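Dropping the structures in below, format is structure tokens.
In what comes next, chain A is part of two complexes: it sits with chain B in the first one and with chain C in the second one.
Right, the complex of A and B next:
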């Protein structure tokens, strides 16, 4: 019926396949590792795009949600429960089938949570955390919201950096692979590289479809109305506080799922994933993608993360994203909440040519 | 029977008593106007009724149900829609999308059904679109349904805002200075539309400075001055009320 609606999705799927074939025929299959990681980061970006570009609410704490997902999943799948086996809670988990016995390299046995159970718990915890944080801070607007979410990001960063069972500065490692179902696993082994590229890309495609559905619905319209004139939206019957909060939680869930899966893919997670510069990077990418532009955010998320992971920015990595943010701010002075950056650039050029014409 | 019953409503901002123990009622299927000099508290009273501001004391009974202290979205869902003194459209959305927001209280697809794009949400979306276009047709603005709201002329924006409020199918429509900034021809058009809306069975409460418009269309008029009600009567009696003449024209021996 709405065939043209699915055309961009078909194009996206073709692009994903084309990239894989390209790496195959050029013998650069090793690049799939960074492409997979970029895909997971893009999942964070598109989630944040809904919150910032459509609902008009900034978050400088999304690396925090990413880290919550990654760390909880890593912790639950690596902590050994064997010594506590007789504890009633542990046996309860065991009976519920949430636990998993494994053998390490030296033949020692370890009992820990199954990645599925860990993933579900990590996402549930993220949802609770996002509701608790979002409830009060989303009453704030503009700079104040940015500062409050920044504060949240810093808290998460300091917690993972200062807590010994989260590995402090070393982070958590030896995270097992996530067997989604037999034959399909999220792990960094080179034998399943292609499979993992498609798992990550598939998730991004699913995420894009879900978010496009949302954007083109009654809810998406209400979110854009909140962005445009919040009090008028309220007067038309839109429960602005609830919608902002739900969008915040939704985007936090996207970040959390990306965190869980990337942690299993990398086999570990470190505190740098929770750092403020990561959050700034996500915001910068959404901004350069054009704010209320899911496709722009996706493209930029994929491209810039890939370039960064391949080391093209060298030691200027953070500086590049910082500069992007400055440039966007200059050309979109009404703040991060507008998408007229191109118009701003155009205006500057048209201005100079006009002056030249007069001179 | 009164549709809206306001009793002893008060609201202060710091030391300023913006609205002071104001009581009035609006009968069903009538147009009631709220007039008064600048700073009389008209807009504050409007914000109290629409839920944009909570009152300090007093009660607002709508359709036999108390609505004071409700957040705006709940007042809207009870059937009170409003327009703003300074047009507040969603600038980057099309005129049609603006009107479609007005259907929000009459549709129910939430996050999960929308994300999954369930078939019933398409049907609902189609109904929203059809109804919105119908209302735009009724107000004669179908021609620029697809234009971005910010690109419309001021007078057109006012009518789009009116259409958005009507899309709520309100029982009570609050119009805050609908003719402000409009020329004579546009004002006449607004007056015609308001009368038409009343004939549809929508009760109207209107704040307006344009006296000829107010006298033409209203069934009853309330006069406010310094937050207090001075008069509440039919237009002819208001025109002859010496107190009203005094506050508008000043005292004879001032």
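Right, the complex of A and C next:
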């Protein structure tokens, strides 16, 4: 609980503000759109970083959790319940204030779930799904774990691709904006672009604070012990299965929240968000950031997603991520931003690494 | 259901099952010598089919297939020499990520070379409408080619591992690497050889199956997942069990179309994969006790 602990967070906040001012003064405010999207993807990545880097469990199915969040929220906020309003369940939802009446362009009325209600349901469902999947999956190791999580990702992908009420190959569109409270809404309108940039960045900062506290707590030390030697950790009284499962669920929730908000921001979601390539991309970015390095993952998450969304990689987008994966794993398996490689820069953020070294 | 339809489904299941089994054997060959699951295995199958289609424009079918298999084998060797040979005791996580990266790069490379179009080799004998009637069941001659070529490949591999010197050396390496090295076997060369063999058998499967299933730049991924499912189902490293497991999965999938929409066909096999991983990761025919001693 010292001043140094909050220094990196302050640096992050100033960086976020500096970027916004930079785009404002250079007249490139349009870039905030991609920056906002990168921020949401970064949220998935820092969540995955805790699971992969600290608990040492690979997941090739995180795009699945992202898609579960996005699709459930999109489905609930776009499906029209008006024809079923006399149904007892619908009127129960209505009485509970979960429903929202809206008018479309032609004056037709539609009744659907309020984004808040949809968001909570999406996250709750993700938690349930993550517990159900994580329980048996996390008993596996190595190749088996990788394949099982990959399998989960493919099942989600196949289901959204093959199910008509999830829009099959077209995905869901016309997702309304998410009014968090009056005056603050998540939507892709250019009038609220700056506001949305700060919502997304604020969420990432909040995520970082939560995870930093987690890493430097009893739980974080237990996770690192599991990563180092699972049997030894177990012998020291760490409930390895419980810690692994809870970390898995936490990182799934991060992915799901990112999915919900990005869907509202983009106004829709398509099956490509659930594809295996997306999951691999998240893993790639965590690996480049240096596995057990939250700041590295965050920086690379922002940077690479931004470059990719701006189209700098052209038609070689996937190939770039594939090559990065190979090169990093061959020559720098500890990641680009490892302790030894950028000692100078890391000194600024030294409190996390120092404690890591001692652990 | 009438009996003819039943046999028709059965034959379709056997055809796909054979291919899954071949892919699974490819996984097993590399796993046995290195302890690595090569996530790029499906890409070898895709490359075999793709190269053969291109080669077939310049030369007759048999030599095109031969060229495709040879080229893929060379590529397999190159991949091992460039990316894997010089790593000192890599962790499993590192190897998983490297082979996933390789599969993406090969797939994207294929996309840039061949484009997105779907290709196929011509039927080896006859055309897509010709069929042979066996007891009221109509079978495409290509099905017989798939089953025949695959059976020969499996038998040949068995002979290779049991009766030739390099085959026995590879088995020695998989049983005990250090002891094999003390006997003067170059473990590194055996690993290269395992990549060559598994690339070759994958490419061969890609060639024989391409008239039926067609081949596209991304068709490797799906086959790799099925192949892995089969390899696990049979017990990782056990090639004969993989053949039996392949038939099982193929038939199960084929009959699943009956009760489920085709769009969910892949979900079935992956659900089986998850189930077997959760319940009996040593595989249906594997030894539970031996499995628990293995390192991953």
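Convention: the second predicted complex is superposed on the first by the 330 of 359 C-alpha atoms of A that agree within 3 Å, B and C clash if a C-alpha of one lies under 4 Å from a C-alpha of the other, contacts with A are read in each partner's own complex, and residues count from 1 in each chain.
Definition applied: contacts are C-beta pairs under 8 Å (C-beta built on N, C-alpha and C of every residue); 3 or more make two chains touch, one makes a residue touch a chain.
The structure displayed is predicted, hence computed values, not measured ones.
With the C-alpha superposition on chain A as described, chain C and chain B fit side by side in the combined arrangement.
By the document's definition of touching, neither partner reaches A:245: not chain B, not chain C. Look at A:224: by the touch rule set out above, it reaches chain B but stays clear of chain C.
Of the two partner chains, neither chain B nor chain C is touched by A:199. Touch criterion not met for A:32: it reaches neither chain B nor chain C. In the superposition on chain A, A:233 makes contact with chain B only, not with chain C.
Touched residues of chain A were counted for both chain B and chain C, and C has more of them. By the touch criterion stated above, A:210 is placed in contact with chain B alone, chain C being left untouched.
When the two complexes are overlaid on their common chain A, residue A:255 makes contact with neither chain B nor chain C. Of the two partner chains placed around the shared chain by superposition, chain C is the only one that A:321 touches, whereas chain B remains out of contact. Our summary of the superposed model lists a minimum C-alpha distance of 7 Å between chain B and chain C.
Touching chain B in their complex are the following residues of chain A: 210-211, 213-214, 217-222, 224-225, 227-229, 231-240, 246, 250, 292. Across the interface of their complex, chain C is touched by residues 56, 58, 60, 136-137, 139-144, 146-148, 150-152, 154-155, 158-159, 161-162, 276-277, 280, 283-284, 287, 315-316, 318-319, 321-326, 329-330, 333 of chain A. Put simply, chain B touches chain A in their complex at residues 50-52, 71-73, 76-77, 81-82, 84, 88-93, 97, 100-102, 104-105, 107, 109-111, 114-117, 121, 124-125, 128, 164-165, 168. The part of chain C that touches chain A in the complex is made up of residues 37, 83, 87, 90-94, 96-98, 100-105, 107-109, 112, 221, 225, 228, 232, 261, 263-264, 266-267, 270-271, 273-274, 277-278, 281, 296.
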